[in-house]
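When the chains are written out, they are named A, B, C and D in that same order, and each has its own residue count from 1.
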């Protein structure tokens, strides 16, 4: 069964998703590309042979020839558009965050609960990354014993000029919050945030270091360093009572030259997580085809949880205090 | 445009190709699965939602609802079936070898020449492997200077019981012959073959070590070790006058346990070259759609060249002598 | 000039130092081995061809045929014995800690100050480890820009049964406190301590995670994990504004077997830091010969600083609070 | 017991040995530095606090205050000086080669045989390198099964202007011949030599690739590439029936910068094999002290064997033929 997909938002992520669906995902038809800019929508539609373009997201979502929706528009539109898709009964692959407001996330959860089944797959694509999957698998197979700590490092080459430490917590860290929570199968209880003052911490992309305590009793440590300069580099290590497992960055060659052996870093997250995006989007199309929510994918509840942690992280950053994290009980739909 | 493909041969490779086309290649429709065993054809067809099955390859090839053919049947059928596809004017993705007989390879080349355009894409999938592509790219970008040597290692966990040193040369080594020739953009001039006598060289899977000299003046050294026991492991290093480039085996995690840090090997070639097969098959579908032969893919001429080298290698093995390699001039069609 | 050394303490560390001096350090003569147990002293003396044994440390220190003293006796004897050596005007290589009491450390500093020159070289041997030296060198050469964070991991195979989280801070962590302080050339301002509750944190060897803030504005993060089980593993990464530098664990071979590529961990700190101990002890002998305190070695002031941080760390552990670190001004002698 | 050593030859190797003995080898006293150039001898003697200098090697060897001799003079003096030391009944650490002439090597063997015990320790220092020792240990412990192939790579940054392919075989390759023979505990039966013609093989430092067949039935493959440009790089892999073991190059740090992770190569053999030289020279001093020839060191017989292989290699290079290797039976003294 062919799935006709509308992409809302034709920026970097939207264009990427359009390309992935067109080139790498059997069973997907790019039906509509919708963007506030008709030109931008048209450019992406042409590049990926989409059938139609639009500038009206709500009308797009409700079209009869659209089976499913991929939301890649600005962050503050994610929740309202997700609710619109739920209202139309259509599955959604929604880029993270679901919303930066916990309340707004809850509104999506309420809409889904009312609808009676999960329709929103959230774009925490790292769950589909082969490295993280092998890490979780190593844990489940008992290779490292009971988990006690997880170390996470997220490094970008360069942050946008207006990027702040707070944004590191609300925009970058949620990927770490989600994937550690996924691997450890637990929620967070408290968060402490530190910043090196060696560089102006108000400065764009100032690094943030977080220590999270989980309900399961683990420590989850996270460095977000969006001006790391040397390359895009995501690392992780899960430490257990009898061993540890580390994710490798896949690198295809090693060059010996000029007195060094060297391996290249990716310039950004897209080559590093290309396989994760591909597998995530294939899983989404299968979800639309079968109605069965993908086992390992994030849902609206996961999106809410990540946002709650990020909000607590901002408080911890601003207060310099360890902040307790609290959220509502998990609705039955997500059990 | 959707491409309707018939797969001839539903053994290991055929089943793999069917799965890849069904799961990973947009634009491909698995139209027919053809195998001497109707049951085997049916099993693969069911697993991959193919439209129809058959036990008659020639009839399958000529069906109106078949746009292109993927040949994964026993080696000695490759050339005749490729000729049949050419006769029907249909593009073919043919598993290696084109034939183990140079003459038989030439018959396909003659058929293509008569037809006036290349229809046969040969399944030397390593050309699509990201590691080899980066190696070639490093060479072309001048990172290592003029190439002078290439070291290649092919290790399997375990050979089939009836596997011989000769078969190592005719069945396994052609992948190395082709990919080194592709990267160096040259042909071979001579081959010498050595075997360690520490193990019975008549024994199944006895290792073979080859030194090839190229027209470009490089040495290409190849170890084929099909009973390496420890894992499936393909390595390669290209040495130039100012540096060298090595291919890495992509490994997703590293486990620290029991006094060691360890990374796992793949059990066979399929996980190691999964991405190469996916990209090769996507390129084939695009070839069918556009009529433009994929830039980097092997063609019938490449298949002939690999077979000529293998035949010389067998002579070198049997005689203990350095054997000169000669082949016909390259027909214009392949220039 | 031959240097006649007395070793005080013939336990594990004392026996190691005796062996290193005898086998690896030209110019050193093992004159006396002194231990509360005459048998233990005798065993070490015989193994390393020492001239004499004793059970009286103070008498040993004051012997005319002893030029210098190596203190490897129980921790609480370090400071008094160091003071005795200073009183005798003899150079001392003193195992860490100088003392677990800041006041006791200050008493040594006062004695040295009164004496007018530094005599106590403290056994923070990591400063001599080639990896840490290359790390510092990379920083000084500007390879990574201004430093902003340092990540440190200390993992033992198994802690002694009576080992506590508090002891992790006072016994293991000082190596990390000192080496990070050495590399960053700064003091500490505050410390926060976390423990995973997934395992009983009162339990022997319960892991500790610390975040230290330096006067230079860096974050220094330290995991002490003395029951890591999988091997002895010390890691470190220094992150700067334009790059980072990581220390490698030297491993001599890689074994491919049973579907894995694996590298072995050391069972404890001695093989890992063998070269550091050798270079440290060579530096000490040269110090005795020349009277010039080794450039990179730790002195009594460094020992005091490490102890002050450890004491603050214990308070942070017990209170769950971020603890500010304060110490006296640096005496001129150590400027 | 202190050993008084005379170093014959104060060139690069002689100066290195003087420094190693002075700084790293307890029990050694540098008694005389002897060189044709008095100034060069004096410079080394001063740098390493040697007692005396000389320009007369034979007189130096026979001095009463010289217990042992280290020969680091030009290659063609090695054998005559070794014979002189044997005549004086003094142990010798002789730099490789013993001689480039098999006959000359035999003259030393005859002298030792007449003397009745081994006095010549040959400077194939790789046997003391921790990586090769671990490789041999892995073999002996059965980690890789029966050995069948060994791959060896020797790469220098840049060859001297007058360096030829023939010299690669006679000057560089003997290290490989010896260490592979040591690890495999076998002799060689035949050698084939190849050169890439992509570069002028008459040119300085033209690379050489050799395939050796051992009496034990293994293949030993050796690349000598003295103009590799990118760094000093020695690699080795021993392949057995159930696994393989590779030597690692010890590297102390990894630097992340400018979109790459990189590790540095040594500029030449001295940092790479510093530990091997140190352990070799310590073993030599112990040999002098105890009269017991070091277990793992090369002796005159090993020197003869390496020279015989090199001579056959030159014939193979010049003739383009596979050359059989023959040598005399091993004298009892070396059994």
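The definition used in the following text is that contacts are C-beta pairs under 8 Å (C-beta built on N, C-alpha and C of every residue); 3 or more make two chains touch, one makes a residue touch a chain.
No experiment lies behind these values; they were computed from the predicted model shown.
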{"item": "Subunit D and subunit C - chains in contact with each", "value": "A, B"}
{"item": "Same-interface partner of B-D, chosen from the options A-B, C-D or A-C, over half of the pairs matching", "value": "A-C"}
{"item": "Remotest chain, subunit D as reference, centres from CA atoms", "value": "A"}
{"item": "Approximate Å spacing (C-alpha centroids) for the pair subunit A, subunit B", "value": "38"}
{"item": "Distance between chain centroids, defined by C-alpha means - subunit A, subunit D (Å)", "value": "57"}
{"item": "Subunit A and subunit C, separation of their C-alpha mean positions in angstrom", "value": "43"}
{"item": "Residues within subunit B bordering two or more other chains", "value": "229-230, 242-244, 256-258, 263"}
{"item": "Complex contact set, residues of subunit A against subunit B", "value": "22-28, 130-131, 133-135, 138, 143-144, 242-248, 250-258, 263, 282"}
{"item": "Subunit A contact footprint on subunit D (complex, rising order)", "value": "157, 229-231, 233, 256-265, 267"}
{"item": "Parts of subunit B lying in touch with subunit D, wherever the complex brings them together", "value": "145-149, 151, 192, 194-199, 207, 209, 211, 213, 216-219, 221, 223, 225, 227-230, 239, 241-244"}
